[in-house]
Amino acid sequence: MVGTPVLFIAIPLLAAFLIPLLGMIWKELVRIVPGLVLTYLLILAINLLNHVLVHGPIVEVIAGWVPPIGINLVFSAFSGFLVTLMIFLGLLVWIYSYRFKRNVEYEPALKYFLMLMMLITGSVGIVLTGDIFNMFVFIEITSISAYGLTAFYKGRNSAEASFKYVMMGSIASTFLLLAIMIIYSQLGTLNMADIARKIHLMNPTLKIVSYIFFVTALGIEAEIFPLNGWAPDAYAEAPGPVGAAFAGIVVKAAVYAIIRYTYTIFDLSSSFSFLIIIGMITLIIAETAAIRQEKLKRMLAYSSIGQMGLVLVAFGFGTKEGVFAALFLMLNHAIIKSLLFFSGSYLVYNSTEKNIKEVNGMSKFLPVTSLLFAIGAFAIVGLPPFAGFWSKLSVLTAAADSNMILIMVLVLMVSVVELVYYLRVVNRIYFFKKEADTKPHKPTFNALFVMLVLGAIILLIGFYPDAVTGMLHKASASLMDKGQYIHNVLSLK
Amino acid sequence: METVLMDILGAVVTFLVAFVVGMTYGGLSRKITARVQNRKGPPWYQNFIDAFKLGFKKSAIHHGVMHHLGGAFLMVSSVMTLMIVPVLSHNNWFPNLNFQGDLIFLLYIMTFGPLGMALGAGQTGNPNSAIGVTRGLSQMVGFEIPWVLALVALMIQYHTTSITGLMAAQAHSGTWLMFSSPFAFIAAVMAMLGMFRYSPFDIVGAPTELASGPVSENGGKYLFVMMSSGSVFTFAKLTLYVDLFMGGADNLLILLVKTFALYLIPMLYGMTTPRYRTEQAVRWFWGWPSFFGLLAILQAVIF
Amino acid sequence: MMNDKNSQKIVDIIQNWARKHSIWVLAYGTGCGAIEIPPTMTSRYDAERLGVRGAATPRQADVLLITGYLTVKTMKRVIRVYEQMQDPKYVIGFGSCTINGGMYYDSYNTIKVLDKYLPVDVYINGCMPRPEAVLSGFAQLQKRIAEGRANGAQQYKDNLEWYRANQKKIIPNWIMPEYNW
Amino acid sequence: MDSTLFHYLDYAVYGTAILVMLIGFYGTMVKKSLLKIVISLSVIDSGLNLLIVTIGYYKGGTAPIFSPGFLKNFKDVSKMVDPIPQALVLTAIVIGFGVTAVALALVIRLYRHHGTLNIDEIKNLKW
Amino acid sequence: MEMIHIIFLIFLGGAVLTYFAGKVSKVLQDIFFLLSVLVPAYLFFANVGIGKEVTLTLGGITLVWGVNHFSWLFSLIVLGLGSMAAIYAIGYMKGKERKGYFYFNFILSIMAMMGILLSLDLVSFFVFWEIMTWSSYLMTVYNGHETQRIGIKYFVFSAIGAYAMLMAIVIVHHVAGSFMIGSMINFYPNMSLSLQIWIPILFLMAFGVKAALMPLHVWAPDAYSNAPMAYTSVFSGALSKMGIYGMVIVLVTMINQIPQGFWFREVIAWLGGITAVLGTLWAIKQDDAKKLLAYSSVAQLGYIIVGIAIGTELGMLAGLFLAVMHALFKGTLFMVTGAVEKQTGTTNFTEVTGLIRKMPWTFFAALFSIIALAGIPPLGGFVGKWMLYEALITSNHYLLVIVIFFSSTAAFLYCYKFLFGFFLGQEEKEWAHVKEAPVVMLVPMIIMSVLMFVLGTFPGLILKPINSGLVDLGYIDTFKHLWNTSIIFNAWGDHVVLQPILYYIIAIFVFFALFLTWKGHKTTRYVTTKDISSSGEVPAEDENLTFSVGFMQPFLRAVAPAMRRQIDKYYTGIADGLESLFEFMRRIYTGNGQTYAVYVIVFVVVVLLFKSVLF
């Protein structure tokens, strides 16, 4: 045993609450400690993931209560992969936002990193936990810190965005609790594995109702179409790195939850096609909304929503290839969209409106940032030889293997739309004349480092997808194997 | 060596014959036109005099190397056409290049000259020349359509694209193609009206409007070469028509009769019709002539 | 064997015969005389039987026909046209106006004696000369060509300075480009 | 106590909880004032908590509290209501409190920024 | 490490190195650039044997690269033209901004094209296809602001095509279980009928876009005319041939196998014919050399498509020969345009005139390419045209032959317009200072002109590799019955013997040229273009007498009805409509938090109501 999954929750949570105290000792500690914590967690996660990939999942029991009564954490290849990804992105977000804008001052930095750590705690918790109510708690932790981060800037309309988020989030938690209660009242257990074992005993109607409630609740976090009203606003108004964190961490956790419910807990065969339908609608609406955006971060937000829709579609195939494709998409999306948010927020650094036209001609002033944004744009559209291509190829292969021609056509048509709006931005960066009143801001060293790392990863995956595909295959296998999951959890003594 | 010399000799003799005949036809055309207009007209050899006079001009100007060589380009196409077209059938005197090119080659080599000439005209810098060239080229696009339709009809009828092949086919079947595929003949003759640039298709070099168009900067020896080229080309084209539609000719006399008969058509048609504008001319060619060409193809496909 | 001189003579005779029978006319319709050209060329008088034929541009023409009075303004163009013609070339003065000014003898802006400005080979008198007179003028020119006496162009070349001086005297703003001759 | 009446009362509790929730939803969707919306959210929470507790309850149950001598009477164990929903509700109440606090803080900021509490006028972010 | 891998590494490394070398020294950059194009070209032709295959496994997919005779032929076009254009680009790009960008994309394009040709599996084919697309897209928008709409149009069309291909690829992978092109071809006869029809259509969409097949051609004129000319010669000359390459493979290996193939081939051939006509007509209308050549490229690609679509041996030979010739002459013509642009700063016919005496070598190259383009003997274009006509006639496409003939006759109009517009006409004072292009730009043009001449007389030199390629594709050996080194035959046995014809042409031309020069050479003098017979008027030195506005007006009036409708307009309409729709769609996000809450409730209610349908 190289470490225990509980550390992923305990340490950042502890760090989050210790940060104010440490800040009293030395103000800089507020910024340093999260980084140290995340670095440690990343090493731990990679170690554990290596272990898990070889030896099978680790199931951790908390407080000595054995499942199904106690709460347990599951670090399987699937959840471990996501945890590693989230912590990696969290680390990058930390490096990037080390002294980002208002973070230079002590007070905001304290709040920022506190909430960031809680965000990561919550998201990691969602992925790791094996208990549905525990998941509810983690979702609320994530949400509340996300509300805070959204409202981080005082000057903008961030309060408005945050308030919308709060409204939606409250409704989400209501439905989540309702769903949990329906299951509990029917089966008398809250443990995922246990529920999964007993789910066939449930009243079919109530099963469907509770599934719908789950999807609604989690769909609000996962930005599914009619439920994602908060998303563009929050992405646009939150600080740039937080946008990356939303796209890379929060949404991933929510999608994980949906997938966990769909694949492991519930045994509704038609839930897959339901996923495809809502995913497809999300994809189409979001991408078409993105093309006419005037604000850069809003555009990225819609694109993010669209990508999540595509992920759901890929999960909806219900095949191993589909899961593999979806995981690959999630990985690529996390990396590429983070890069886009990171570089994008420097392209419109000094602007309040964040209008797309303010990136005009930035390539002269910010050559590296612009190049990385362009690489990110090309990658997310799925142009080879960048990372996005392989995930798109795997999605389409999975679709073809499931005989879903119409889905392929729609996905590809939407890709064209996506291509257009990304190209427009890239063209603006490179070929338009600078607007008179924009003031370019050179990225700081740490931000540049983060972007370069992400760019390098994009190229690495693009040229050598084998770097990740092995892991992804194992992760998808671990998700598909429901019986093994139940066995792993419930055989604990 | 001897064959090469014979080839050269044959080519030169053919050229001379074509030159003389073409010039004479030109003179006759002027004479006949004059008679139609109730004039006495110049003597039949007037074209020779004009040509020689131009050749005897003492000085000449040119506007550059393309202008200088324009006549040579024109000559290449005229003489090459003459070389490809079998002048006399069943006759080994002037074989020239008869068996080495076919109708499609001929179509293209025929455009070589006008284009080279157009380049020369272009270099003069005279706007009239350029305008004339554009008109000429446009008109060419016009009449090529019925002409090619007719030719394709012939080709598919006899499954050959070579002129000698078509002549052999006529000799074999015993009828002239103008009777066995009349529509093709009509289309081709209508195209010929444009090819000869007599009225009503003479807007290319409208003398008062364009100051003779493409040739407006040419005088003296340049005009001489162009005139000769025109004469040779006239003969070559007439011979081609005779070969294609009238079964060729066994000796020079029959050739002269047949060619002159053909030559009368554009000449007499021109006397009775006023000039077309370019787009009218082009549309005219894409009207009835092309319709007849399509009929010809239909006939060739069906029968 | 003929010597060079004799052979040159024979060539000259042939050349002059060809020139004589092929007269391409650039009718410069300067004045009222232009109206007499069409009847000359058409059916009734049919100048073409003499080999006379219109030319469209000076490059192709042999004969410059100054039909009538010549204003100062037109003079410039006429000189230019004449100089653009190719050797051998001839000038026919057409009507009294080109001889002595005719009825414009006291006009302030017509030239009176064409010969001072351009080397006239043949004058056709009359106001206007009838087509018959024109034909006779052509016949006269033919005769001179055949005899080798129609050498106005040579004369012009030889006495260019004199002609230029006369021309410049009458044309106040001489903006003819240098490439003319 | 009449058992049928008690039976209906049982349903009545469910009904009340759901009714409270529906009132909350109604307020969220219809009321224009930010404060009323926040209150409505709280109302939904209350209704939901009530519902959850009700699910855990059954007729004649006792509080699920271990006390000394509790195990002596084994019958009491089965009489105890399910403790888990109550625990959950406690958590949910705490979370609801947190969310409401955040929401109210945002309302204050919105009011300062926009000078109004009408949600229809707070639409700077759209499309 | 196999040689093919090394070649790709050199390309890739060279591209990056060249880009960064520009930060050190411009000369170094030029040298790196030349080396990274020329060295792989040399290595390819010297060291890569035909029939060699190398494999590479990536992401669980086996990528196989190898050469066969057919792809070798296209490699010849790509690397040959690429090398020439690379040398030319050194001169063309001198003193221009964003050199590194240009060089980088240039090398990547060449690499991508080579990759397409060498790919034996569909994934690497697609990968290289996309790299080619975006690198050429980046070139299209090289000129900045104004070109972005054009670039996006190009990219959108390419993307639609490429995604169609991607769909076909994954479907093939699904049914055939492999990404190999070979297994796709082998499995094709076993596919269901609908797949048999749809797979080629999807592939042809991709290839049709690149080959500018109507109605997918609308991007081409703009894209060709807006890329830097040094690149456009590759863009039009070689890159479009990738579409042809793909088309040939699809046509031969798939469409010919099924009974419905006849209709496919007819439709494609007719589309090619219409493309040729429309391209020609629009080319005539253009006043800008780049646009003219761009439309002409579209038209020429139409001929090539006709040739390969009718699919007889002669048709194939004609199409591929024309493809090679098109690379040569259109490459040269774009280079000529680039040279003129570099020396004068504009490519508009209404502005530039009379450069013949200032840029004689450029004119020479232009003249040769135009003669080749027009298909006039004795240059190579004629051979291609001849074979195309013969193929059409012998395969009973009588009306198509008229269509093609019309467009190639009408092509004379724009051919003349091009030469006249730049080189002939009045020599204006404005352009008196213009100098001949630098040697480094001239050399490639002259080399290619000479090649056109050689191929016109000895087409066998290039027909031989074409023949080997066709044999690879399953055609029978055409040597001796369709062509000889200097003789071309048609299927009925008629033939053209090119060598004596060339001798005759040269002899006649030289004789009359000498005659014109020798006779009266003492009294023949040169006069400037101001000394023209303009009714006696004296044109002033700075007076513009050039006839260049509304140049082919009479002809355009005659064909006006055919040009009234523009496909481009329809596409623009569709795009605008879609954008309005999207504008409408995004209003779903009203900005009112309450509305979003309502959406949630509505979603829940709707899903609950329809749960029996959904679940």
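Letters are used for the chains, namely A, B, C, D and E, taken in the order the chains are written, and counting of residues starts over at 1 for each.
Quick note on the criterion: a residue touches a chain if its C-beta (ideal position, glycine included) is under 8 Å from a C-beta of that chain, and two chains touch if they have at least 3 such contacts.
Owing to the predicted nature of the structure, the values given are computational and were not obtained by experimental measurement.
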Query raised in the report: Which neighbours do chain A and chain B have in common?
Result: E
Query raised in the report: In the touch network of chains, how many steps separate chain C from chain D on the shortest route?
Result: 2
**Report entry** Most remote chain, CA-based centroid, reference being chain A
**Finding:** C
Report summary line: Greatest centre-to-centre gap (Cα means) from chain E is with chain D
Query raised in the report: When the C-alpha atoms of chain B and chain E are each averaged to a single point, how far apart are the two points in Å?
Result: 36
Report task. Determine the centre-to-centre distance between chain A and chain E, using the mean Cα coordinates as centres, and give it in whole Å. Result -> 44
Report task. Starting from the mean Cα coordinates of chain A and chain C, work out the distance between those two points in Å. Result -> 97
Query raised in the report: Do you know which chain A residues sit against two or more other chains?
Result: 160, 163-164, 167, 171, 232-233, 289, 292-293
Report summary line: Contacts with two or more other chains occur in chain C at residues 57, 59, 87
**Report entry** Multi-partner residues of chain D (each touching 2 or more other chains)
**Finding:** 28, 37, 122, 124-125, 127
Query raised in the report: Considering every pair of chains, which are in touch?
Result: A-D, A-E, B-C, B-E, C-E, D-E
Report summary line: So, in the complex, the side of chain A touching chain E is made of residues 160, 163-164, 167-168, 171-172, 175, 208-209, 211-213, 215-216, 220, 226-227, 229-230, 232-233, 268, 270-271, 273-274, 277, 285, 288-289, 291-293, 378, 383-385, 389-390, 392-393, 396-397, 399-401, 403, 405, 408-409, 412-413, 415-417, 419-420, 423-424, 427-428, 430-433, 464-466, 469
**Report entry** Interface residues, chain A side, partner chain D - complex
**Finding:** 133, 137, 140, 143-144, 147-148, 151, 154, 157, 159-164, 166-167, 169-171, 173-174, 177-178, 180-181, 184-185, 188, 190, 232-233, 236-237, 289, 292-293
Report summary line: Touching chain E in the complex, chain B uses residues 11, 55, 57-66, 68-69, 71-73, 75-76, 79-80, 83, 97, 99-102, 104-105, 107-109, 111-112, 115, 118-119, 122-127, 130-131, 133-135, 137-138, 140-142, 144-145, 148-149, 152, 155-156, 159-162, 165, 211, 216-217, 220-222, 225, 277-279, 282-283, 286, 297, 301
Query raised in the report: Okay, in this complex, where on chain E does chain A touch?
Result: 57-60, 123, 126-128, 130-131, 133-134, 137, 141, 144-145, 147-148, 151-152, 155-156, 159-160, 163-164, 166-167, 170-171, 173-174, 579, 581-583, 585-586, 588-589, 591, 593-597, 599-604, 607-608, 611, 614-615
Query raised in the report: Which residues of chain D touch chain E in the complex?
Result: 25, 28-29, 32, 37, 119-120, 122-127
